[in-house]
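What follows is a pair of complexes built around chain A, which joins chain B in one and chain C in the other.
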Partner chain A sequence: MNARGLALTAGLTASSCIITPTVPHTPFGTEHRGEVGEGDFLALAMGSTTREDVLLLLGEPDLRRDDDRIFAFVWDEAWLFFAAAGMGGGGVAGEATRHLALMVSFDESGRLARKEVLKQPQTGLDKDWYSQLEKWR
Partner chain B sequence: MKASGRAAAAMAAAAIALGSAACSTDRETRVPQATVAREIPDLVEGKTTRDDLVLRFGPPTAEFEAGRIFTWRLVAGRHGIAPALTGGGHDFAGGSSWRQARFSLVAVFDPHAVVRRFSLVAVR
Partner chain C sequence: MHAFHRLRLPELGGGILLAILGGCITPPPPITGEAGVRAAMPFVVPGETTREALLLRFGPPSWTFEDGRILTWRLQREDAGEILPKVRVSFGKIPWSYGLVVIFDAHGLVARFNLMEIG
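After this line comes the complex of A and B, so read on.
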């Protein structure tokens, strides 16, 4: 959950409020790329898909590591909707979000060696998430 | 309608809108070649060179495999496909900001710096 989500959650003290899980979807206003769909994930074949193929399919990666042996494609997902009415008729509404990343690694010949979708725990901290991306092998 | 009633109605409307947004399906990310040909007619496999693309879109936002592959972040503006204003860097989530961009153009060059393959990916 990002800082905005935590702050808004903490602000839900009014008597009239809605807190409901939603079907995971791309949050409004995200700065990150859209979701990497299952079809694209399945199109990545171990041992045959090349680094060039991955780039042509998904575009520029968000994170490059270990001399381009590892790419990360990062997006956000909203999983909870909340809204609260204030005493004066105003209110707040927002979404709780988390980060996801498609991680891919390549062998010495530049062919796909591993792929995995990492999901930040719904109540996870960003610094732990970033550490997870950095440690992925 | 009382103020609290209006707020409740607004919340209900937001919940319905959110529910609709959540019903998205696996989106198509690769822009069809026919659309690319219409939007970027001067991008042709076996003909367009690396220099042509740099002149058209400016320096690439990323290079791979010793310059064999270039990528650009692009937007669809009033005057067609154009380079995006990118902030660069990564945020704390490990993702780079695509706020200013909609597309990633990927061009693969042959040893003579001529485009061998390319794709335009709808990133957002």
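After this line comes the complex of A and C, so read on.
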């Protein structure tokens, strides 16, 4: 194939396929909660916010650990959109997503001792992500 | 003149738009603020509603915290606005999901509660 043919083939192929980064957003049909916003994160005060306050603010956690000393609130974020058209008129489209989690821990009196947002790498594996949640202290 | 012939372009366009929108899914209005939560859950009254009343209405809680002092339920809101226990639904009918968190006092009465959209 000469250079002109190669360019034509590349152009035709590229025209039927779109891969683009997107503004991070909650993907449609997610099994998890919506994003835990910055306002909610800031509302959690170390040493004074109780386990009860956290549950009333964020709802039930997605993970409970260490006799409820640690909660994880997980949500998903779409970061890449892709679409491709097939020769027969069909096509596929979708979003690449990653997990995020607000981790909180409580002291002996049930007050907030630590909070942190964990982000799965965009190309990270789920098993590594859940392992990270299990190990968080 | 037959009614069809009196249709003008805006009316025709409106009809087509209605036909298209008929296939859309429109979420119910969001529940916002304490007043919105109270309006959506008029049967939950702090100091009056008992644990038993909520168990009878919603069934077993999804989770229990602090020896039953805090219970949570996963609920869904139907198109008409009614809030029910979350169940599996057939394809094409998407419920809006909510989480109910209820704190009970020492007498088993609701002390505090919140309802939040969770997806």
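Here is the rule we use: the second predicted complex is superposed on the first by the 122 of 137 C-alpha atoms of A that agree within 3 Å, B and C clash if a C-alpha of one lies under 4 Å from a C-alpha of the other, contacts with A are read in each partner's own complex, and residues count from 1 in each chain.
The rule is simple: a contact is a pair of C-beta atoms (placed from the backbone, for glycine too) under 8 Å apart; a residue touches a chain by one contact, two chains touch by 3 or more.
Remember, it's a predicted structure, so these values are computed and weren't measured experimentally.
Contacts of A:Gly91 after superposition: chain B is touched, whereas chain C is not reached.
Contacts of A:Leu56 after superposition: both chain B and chain C are touched. In the superposition on chain A, the chain among chain B and chain C reaching more residues of chain A is B. Of the two partner chains placed around the shared chain by superposition, chain B is the only one that A:Thr20 touches, whereas chain C remains out of contact.
In the superposition on chain A, A:Ala83 makes contact with chain B only, not with chain C. Once the two complexes are overlaid on the shared chain, A:Met46 sits clear of chain B and of chain C alike.
Shared-chain residue A:Gly34: touches chain B and chain C both. Overlap of the chain B and chain C interfaces on chain A: residues 31-34, 51-52, 55-60, 64, 68, 110. Partner chain B is touched in their complex by these residues of chain A: 16, 18, 20, 22-26, 28, 31-35, 37-40, 51-52, 55-60, 62-64, 68, 72, 74-76, 81, 83, 85-86, 88-91, 93, 95, 99, 101, 110, 126-127, 129-130, 133-134.
Looking at the complex, you find that chain B touches chain A at residues 3-4, 6-8, 10-11, 14-15, 18-19, 21-24, 26-27, 29-30, 61-62, 64-65, 69, 71, 73, 90-99, 103-104, 106, 108, 117-119, 121-124.
Contact residues on chain A toward chain C in their complex (touch as defined above): 30-34, 51-52, 55-60, 64, 68, 110.
Per the touch definition, chain C reaches chain A in the complex via residues 62-63, 65-66, 70, 72, 74, 99, 101, 103, 112-114, 116-119.
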